[in-house]
Each structure stands twice: as structure tokens, then as C-alpha cells.
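Chain IDs A, B, C and D follow the sequence of writing; residue 1 opens each chain.
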């Protein structure tokens, strides 16, 4: 069960991420998919207020306006401010949002200390929710800063010699009837339940994700010009968006650089390729003679992996070169599984039931967490999901092949 | 193996469908998703020419221009005329297209009679391809005629007393490891292969599809105004398209009529509801306390059903009241399965490999065939697929529930 | 005053123009700005029915549906079929539309012979209206056929040696207070009234319009790449539409051809340049060190010109090389005058008041008529008008300069 | 000739306007037509640097990046940051922009004191340019704040009893040949030149602009539902934008309020109506039996008026009730004149030639200045211009009628 110390630790991490940002930076919304850092600060706070504190005796909300302004998508909780206009809320200002955070944190502490029954399940959900927004805050500010022709840095670069990458190997997996999803005992989202059976055929999975060097071969082999490698919808998107390379890659005279949260940097050939869409991941896999794993293949293989990799806490906000057989951190890995309900799935009751279930359409499951994911937030059964054309998340590729 | 008689029978069916249409009708393209009847006549002919005849010694193409004009989406066969501009091809005119059909039919007959090796697999594929386009020709002309405020009839209505509908029952299915997909021995598309194992949990499936009367209760209960019933993407589409009822339904003073290929008719409460999107099917199921079947649940249940229902050959181009436990005809049934590759799936080699595989993204599987499907075209393993917002096909609902 | 013989002559001209077209050709609508030939045939007929015959005792309309289907933009006469869906009306078919024409022609003849008072002003307006649609029918079918990759011909080319073009000369005009607009005595549209005074400064006007050869020099001098030559709105349109040359020009290995109503033909350097937008005309004039005339400068100069040039009746549906000092025929000439009301302007009373007045915004005046204009339709005071980005009309350039 | 004191006075006024704004407010860009306050602060400074200081010996630019970032639309001065992304420039921050202003102000002062030849014509142009941006800064922040559902105030309201409005009267004007444009002797923009002759017919002009009360009668008489009152383009825009009233009007239970720079306030019936498009002004005039003046009629009448009205300096950022026969201040008045070149017009040489001339298309002239215009900025020959669908400026109506 989560305790107050853990609560403050997670809440404080969000503030730490904003120390690199001015109030003007925190105001930016560069596309409808992204939100201002200020909005993330407020919305994560709103979550505790709307789902927990408003139910408690004697709680006085910080502001009735905020109930409307900082609801993201919970229809059951009433009308909302339009998503694409979040960047127009100069008022309340950043100072007021920080006061809002303090107000809610104090209330949580107060009720806890007074031993008034808090719904600890929702408190824990709120902290995992906040961790999800820590990652989004970073991917969103990265997108916003990338729109500035000065290419400003979010944070100073992390030095260190770049190690050599592991050689690629195939890990063989035997067919069989296995169990998938959360077995309970620790926190999970409702979309990881129930534990259920499924059958896997023989397959082999790569020991690491695809590198920039490998992806460059795909580009140089005309990968972006060969329709036979692409899904029909993917080819259409690629053509209309004029993709030539992963998002944030910038052509220079001699090759490619990329924009990172540490500024404009040369491409490191040994790092995992990231910021690619499902369509690119799928085309790459076809070109390479493999395919993407199903989420069940991934989960089955990952259960035997170590929980290592580059996570949010390192301060290196960019994927690192992989040096051991791990399935976690650095980049989210696209699976070929459309995001859908497990057999017997039931959403949580009430408004939090809108958290996951209503998105089970047109998205693909990603697994494993990234360099922007808090280390304590990820697990083998964790299901992330995005539309297949999205590229602003830290998304990459791990290959499988049939046996 | 397909023979020449079958070839002529299928080819002739397409011409029969056009007997209700003038050359001006055959010119219409009312949206990018639909094609003119004239284009369907030409494209199905092109298929035999492009994949079969062009490979044969001594074959002289009817027109080199047609190779370009009537390719649908085969990138491997070169550039194509833009899809949304098919309705602008007044030339070649209908007479020339019919001559094109005769030319190709004569060539097929000639080679067959001269016993020059034809690829009979591709010939059979071409006939199934043509049957698919027979259905599309009807759904497309229905859409085009619906844009005419005079609501013209495609064909005269079919008289007959409307029987009462069967009472709804649940058919129980036991959990287990089963086989899915085509076992070979007769024609199937590549997306039905390979035969493979999968695990099903306990479930129950309805003995018939949802009726207009049942769907009207959903409407009257505010189904189109309650976001908690809808997928997030679905609610957005519904709002922006301002859906209030199935496609082709027209509000009148006392209730609803609908536009059919037999003109504007009252809603028959006992007929299966049709022309609904995946989003509406999913919302209805949630409202009704059930869910949509997976394609595997559907296939497993349908293997025990009879091959009955209303098909294209009846001349009643509208779903009929269901009077027995059957899974075929009348309406395509949305499943909750995203269209994707079976384990070990391999597309056909060459350009026909583009037939199915490149669409395995963002679409949902439909099963069972409709009143516009030729009877000989459907089977339990058949996988149709459309994007979840599409409504111009004959699409409806069969419910399942967990046990 | 117009008589029955003139009526039949104009009406018959429209039918003659359709003799080159099949019923499928007549169905085409290739953009919202354009209408199907069938619709032009019906709408011009509707005009006589709606404004004249419906007022007469004992007249029986051909079809009540047509009142709705073939209204173009007269709000006062009720609801209308959406403009962009005119191409979806396969029914009524062409035969029925021709019957509609005969019905209305017979009624007009009958009332005239029975000496029942017809509103002859409206009859004359109806004939000028029909002549306008003769030109539109041709520009619209040209656009539709241009969308066909086979580049079909509308009519066979007209042979004949191409003469040399006149050398360019400036005609000097003295400043003064002059009268503009129609002085009455013969037909004019309401927008040519009232006769009114205006002051002109000294200027000089070219003796002929700009040729393809001259326009090619603008292209070769980087005219399409130099923003300083363009209006701000024009540059934006040019960039987003990717214009590189006049509409219908097609680059080949050695230079340019163009698509014409006589098929794909080489550019004749001596012919007037046509199918250019106001923005291109304005940019060319700036590049050439001149400017476009105001409509008053044009009218003043044209009053002294001869009524010669290539008109509709010649059967050469393309501008001809200019061989004398004339201001009429071949191409419409863009003026720098925004289309607006003359001082004291009053629209006609009733629904025909919507003919001109409500378009006096965002359009520019064109003068002089084109090779698609009936010869009897044009006069020095005639004001045509189009939005500045439109190119599918026969539009070109005549230069003026300050003195 | 402008002097240093005047320079500092104008420059300081811009800073005063920003005292009501936080750095977050200054970041907002709520639509492509509008710019952030921070951008206005920088761009007006850039103008002095780009056109004046960069030419002077020894000047060191504050930042080379700013040359690119803060160019608005001068193609001759190189590439520019995309207009619609001005709101994404969190860096440079507000403090740096203020330093940029100080740097440029110090340089201007320094060169002046050292009597190094400054181009005083460009300095004066720069100050008038800055005054234009003072008005835009306010209209743009008004739009941005209006997107905040909290309806925040820009500045505290100005108290004071509201006087009664003058009765409406017609001022008669005689026909004749008159001179228009600037006669020289004091500052004007190039678009006010050259002085030239033009002929006016008899007309009468209203002694004041149309009030809210009068405009409400138009609304209540179905003005927004009667197409016969509207230009065709205007009706289309109104329908697609769903206009029911002037911009910023908010329906409440008993009638209308409006959002102002002083917050949400009741409609004062006697104040001039403002925030209406050209289309609404034109429809109102038609409904009222009058018309809009040409810019020449307006200029002729205004030469005899007093230079009074509510201007920027009052601190009342809203139109005031008109209490005398004046033509200036409170609201810009739409004229029926399309914005175009005067006979013999020549743009200024060099990049400043892009200031006005390239916008002479698709816009209408407005005259008289508004409550947001600095008093010293307006004069009878001043030509403002906007596209006819724009409503975020302080735009209203003065009627004329024919005699």
C-alpha cells in the first residue's frame, strides 16, 4: 500500500522536472496532442482533488473554476475546457498552479495524519497517473522546444563515453498455452486484467532493440520510397507528412543530427532508434525480414528479462546504448497488437472507468517503458498505447521472427 | 477447380446488376470510398488481364491506357489513376467498357479451349474478386442514389408478407483450445491462412442479429447522447458527423423511414439493423449489457450454423427478417477483432500479395456476408474488414456475453 | 426587343455545343465551381420557367422537382440542391432534360403566338443568361476533360496557318471627366447602370493583349519565384497551389504544351496567354513595368475599338493570334477594379435582383469577352467578374502604364 | 520632423500597455491573425534595427537570431519565422525582449546625440509602425483573453456616467470634382499618395456611427436569418461561422453582454456597435435602407469634422457614447471601397515598399481610428484595411445614402 512518503516523492519529481522551465516555457502547447507543462502540473493535482478529496468530509476545493479547467477527458465529471486550447490559459498563472499543488498536497497529508479514511487505491492510481504525466510533460516540452528555430536545450547534456552495442541475437521461445496479464498482489491498471490464458506459437525475439545504424540502412536502401514495404494507411500518412526519417532528425551536409532534450546532437549509431511511428516500425520489420511481436509474445519473453535500462531518474533524457539483455527502459517498443480488452475485462466502476477502456480502438500496444518513464512505474504486464501515426513519444522497435 | 461455365456465370451476374442502371448512373462516384459502376465493370476485367492474360503468349491487351486507368491499388503494377477521380472518366464510355469485358472473356475462353495453361488459381481468385465487387457495386450505387433528393429506386421492391422474428436466445459455448482459419481443400483468401490454434474462454452468442426494434430502444434511451456508452474515437466521429441514427435513416413526422435500393421505405422493426459503424455497434452492445464477439468466437460458433439467409441472388437487396438460427447473409456482423495477420501469415507472392496484407491496420473484421453477397462467396472462415467509422456497407450487430 | 426567332437561335446554340458530348460527358462535375453540361441545359431552361412561365395563366410546370434541382443561387425562390453535388444527379437523365427544354420552348412559343403578355425584358435577360452559360458549359467541360489522363478532345481542331502577331504599341489617352456604364437603348445587366461620371488621369493602353511568348519570358525570368512581384495573397495562393505556369500548361521534355478543347497542343507563342489568375496577371504587369487597367480606363479605351476578335461562333474554342487593334473576343482581360456597385446602383426588383448585386465583393472585373463568348453577347460596358484565384475561365492580360 | 523626445514617448507607451500583462499573458497567440504581446514588443524594435540601425556605421545587432525571428512579412529581408508559430517562442523570454528594446533605444539615442545621420523619415515611419502595433497588441490580447473561460480583465473598468447619444442626422454633401489623399507637409503612409482628383455624386452621411441599440433592432428583425440582406460571400461565412451577433457578444438569460478589455460587461445601448465584419456592416446598411460610404465620400466629409473621440490615451479601451459630430476615434468605420492603389501610386523604394502595396487585394478600407488608436496617429487621409470577414478589430458602421 502506498504511503505519504511515496506520495511526496512522486509529487516532488514532477516539480523537479519543471526546474528547467520558465513560466513562459510552461505555457507552451505546440499541438493538440500535447499539453503545456503548467497544465500537467494542474491536471495531476486535479486528479487527486476530483477523485479523492472532493469525496472527503470538510474538504474545500482550491477553486471551482479549476474543476472545469483541468479535467482531461472524464465525461462523467462534466464539461471540459477544449483540449487544443490548453495553451491559451495564461491565467491562472504558474504561481497559482503551484499554490494549488501545495493546497492539495497539504490536504492529502492532513487527512492521512488525521487517519480519515482515504481511498488508498485511488491514491495509488493518482500517483501512477502522475508518473504517466511526468513522461508526457517531457515529450510535450520536447515537441514545443523543437518548434523554436533556436533549438533550445531543456537540460544540459549528460557526458560519458558511449559503449559499444551488444551484437544482435535471437532468443527462441517455445509454443504453448500461457497466462497473460496481472496476477494481482501489486498495483496495475484495469487494462492489465484479468489474468487470462492464451496460446503462443513458436517464435524468436531479438535480444535488443533496433539501433540507429540499423535503421539508417533501411533509409539508405530506399525504405521510405518503397510502397511494398508499407501498410496502405502508413504509406498514405508517410506521403502526406513527407517523412524521410524519424521525427526530430535533421539533415545536415554530411548526414543526420537529431533534436533532443539536451539540444541538437549528432546521431549515435549504437543507440536505439526512436521517435518512429508504428507504420515505420512495421515497414522496417518487413524490410529486415522479421515482424513486430504481439504484445503477448513480448510479455512472455520479458518475464524472463532483467528490470534494467535507462529511466527517467538518470537525467539522461535520451535512449542509451543497450549493453545487456533487457526489455525495459530507453524506448517503448511497438507491438503488432491492436489495443483491446482482455477476455472478461471490466473497467473500474465510476468515472475512473474512463481511464483506459474507452480508448480500446485504433491504437497499438507498446511495451517496456522508455528513458522518460520513472523506473518504479513499469512492469512486464504494463500496456501503453498510441495511434499508429504518432511519433512524439519515445517509440522504437524490437524484432521477432517465426520459427 | 473453377471451370469456364462458372467463369461466365459470375461474369454475367455483374452485367445483370447493371441492367437497372443507365450510362449516367454508371458514371456516378459520390465519395472517395465508392467507385462508379462503370469502374467496377472495368476493374474486375482488368484484374484478369493484369494478372492472367498479360502473362500468356500472344495476348493483345484491349488498351494500354486501361492498364493505368483501372488498377485499383497495386503499387507493384505501376502508377494508378487517383481513386477520388474515378467518377470523372466519362471516356472510355460504357459501351467501350462492355467491349473490354467481351474482349477479355473471349480471350479467357479461347485460351481455355485451346488448353493453353491458364493459372487457374488466379482465375478463381479473379472470380472471388469480382464477387466482392458485385457487392461494392451495389453499396456504392446505393450511396450515389441516396445523394439524389428524388430518392430514385435502383430496383423494384420485392413483395411478400413479413414474417415475425425469432425470439432472442443465447447459445452457450465452452472454453477450449480450437483451430481457426482455412483448412484448405477449397478456395480461400490468403488472410484466412494458416490454420492455427487459439484459446477461447466460455461465452454465449445470440441466435440472431439485433433488430431495428431493438436498436430503436437504444436510440430512444438516449444512446446517441450518452458518452459513457461510446469509445472515445467513436464519440468524436459521432459528434462531428452528427449521427442520430443508422445511415440512410430519414426522420419523418411519426418516426423513421430508410432509403433502400428499393426506394424510400418504412422501417421494418423485425429486420436486422444495418448501415451502422463499428462505433455504433460497440455502443449498442455496451448499452445492451453485452459485447461484440471476437472474430474467433464468431467463427467457432458459426461452424455449427446452417448456410442460410438472404443473399444477392434473391433480388431483395435489403436484409430480411431472420427466421432460423443462421450466421450468414442479410448483414455483415462487426467483430471486436482488429484486422491483423494470423500467426505465420504469408501474403501471396507477387502483386496479388497486395490484395489483403497491406490493409492489416486500423480496420475491424466483419463476418458472415450480407444480402448483397453472392451465396457462393461466403464461408465460416471469410474475413471482411472495414474502418470503424464506415457505414455504407450492410453492417449490423450480433451480441455475445461472458459466462 | 427580342423576338421568337432570336429566342430559338440562342436556345439552339446551347444544344449545338452539346453535340460533341455523350450523356456520360454531360454528367461530369469536376469541381464545385463547375457544373455538369446537363445541369447547364436544365438550369437555363429553369430560368425561363421560374421567372416567366410560372407567372403566366395556365402554365403547367414540367416537374415540381426541377424547381428545386435547377435553381442556382436564388434564395428568394426557395431551397436549392447543393452546388457541389450537381454531378450526382444521374436522374433526371439527359433525355428528360432535353424534353424539359422542349416543353419550355413550346410554352414560350405558344404564349408568344397567342399574344399573351410575356415579360419581354425577362425573356431577353433569360437569353443573355443562357449565353453566359454557353461559355460556362465550355469552360466547365474543359476542366472536366482535363482531369481525364487520356486528354480527350471536346471538338476537332480548326486548321489554318497561324498569322504573325501585331507589334506591341501604346495607345495614349488624355485625362478628363467621362461617362461610364450603359446609356440605355439596348440590353444591359443591372450592374452596368446607372450611367455615371468619373475622372480619368492620363494613361496609355496596349494595342493588344500579352502573348504566350511574352509570358514565357516572365516565367524564364523567375516570375513564379520572386515574391517582390506578387501581391501577398497571390504569393500565398501560388505557393499552396504550386503554380509554375498558366493553368492547363503541361511541361514536356523541350518546353510546354497545353490542354485545349481541341486536345493537347503545342503552345503557339503568338496567341494571347490565357487561363491565368488575377494574381498572375498582376505579377506579370509589375514585372513588365506596367499595370492592369481599371475597368474605367478599359471601357474608355474600348469605346473607340472595333468589335472584332475570335468568338464562340467560329468553332475555334481557343484564343486566336491578334491581328488588329481590337478589345473584344479571344480572352477576358483582368482589370484592377474590384467588382462593386456604380454610384446610385439599384438591383432589379424581385428575385432577379440576386443576379448580380450580391456578388459585389472579393471579385475583380474582367472586360471584353473571349473566344467562348457569343459575339452578340458582348459590349464595351459589359462587366464580367471572378475571384482573383480563379483560372479555369479564358482570362488574360492587357497592360496599361501611367503617363 | 520627429525628435528623440517623441521617440521615447511612443516607445514608452508600448511598455505601459504591457504593465497589465504577465510574462505568460505576453506569450499567448490565440489565432494566426494575432501575435503575442512579446512578439509585438520585439517586432517593433526589430523594425528600427532592420531598417535604420543596421545601415549605420559601428552598430552591433543585439542578436543575429532576432533578425530572423522578428521579421513580420518583409520578403526582401530574408526568411521569416512562420506567423502562426509566434506563440511557441518561449525563448527569448520577456526579460531578454525588454533588454533588446533598451539596446535599440540606447543606440537610437546615441547616434542622434552624436549627430550621426539617421534616416529621420524611417524613424518617423518606425514610430507610426509602433503605434499601429500598439492597437494590434490590444486587439490581439483581447482575443487571447476571450479564449479563457474565466474571462479575465486586461485592465480595470473606467467609471463614469454614460451620457445620452446624439440623435441621428444626415449631413448633405454636394457633387463635384475633389482632391483626395495626402497633400504632403506632414507624415503619411505611401498608400495615401499621390494627391489625386476624383468625382463625387450627391450623397448624405450620418452624423454619428450606428449604436448597439440600432444594431439590436437589426438582430431582432431577423437580420442574421435573411439572405436577401447579405452579400453572397458574407452569407456563406456567416453560416459556416454561425454568427448570431457581433464578436464577443455573449447571450445571457435576458439578452446580451459582451467581453471587453475591462471584463464581461452589459451592452450599453448608446455606444457604437463594434467587432463586426464588413459583411455584417454591409447587411446592416442594406436593412437600414442606406449603404456604406466609399472611402472618398468618407474622407471628403471627415475633412470638415473635428478631431475628437475616444482614443488610446484615455485608458477606456472600449468605444464611448458619441456626443458630438466627429469622425474620429471609438471605432474604425468600414467603407465600401476595396483597398487599392491611388492613380499614380508608387511604393517606397526598398524593403519598406512591402509595407502597404502588396496587400492591395481582397481587403476593404476602414477610416477614422478607434478607441485603441493613439490620438496622434490618425488623420482624415489615413487608410486602414482588413479582409471583410475579420471581426477582432474595433470595427463599426457609419451610414450614407444617395440623394
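The rule is short, and it goes like this: a contact is a pair of C-beta atoms (placed from the backbone, for glycine too) under 8 Å apart; a residue touches a chain by one contact, two chains touch by 3 or more.
What you see is a predicted model; the values in this text were computed from it and never measured.
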Set of chains adjacent to chain B and to chain D: A, C
Longest centre-to-centre distance from chain D, chain (CA-based): B
Chain B-chain C separation of Cα centroids, rounded to whole Å: 46
Chain C and chain D: spacing of chain centres that average the CA atoms, whole Å: 38
Intercentroid distance (Cα basis), chain C paired with chain A, Å: 58
Set of chain D residues in contact with two or more other chains: none
Every chain pair in contact, whichever chains are involved: A-B, A-D, B-C, C-D
Residues of chain D defined as touching chain A within the complex: 22-28, 30, 65, 68-69, 81, 85, 87-91, 93-94, 144-145, 147-150, 152
Chain B contact footprint on chain A (complex, rising order): 73, 75-76, 177, 196-199, 201, 227-228, 230-235, 278-279, 282, 291, 336-338, 340-341, 343-344, 354, 358-362, 388, 402
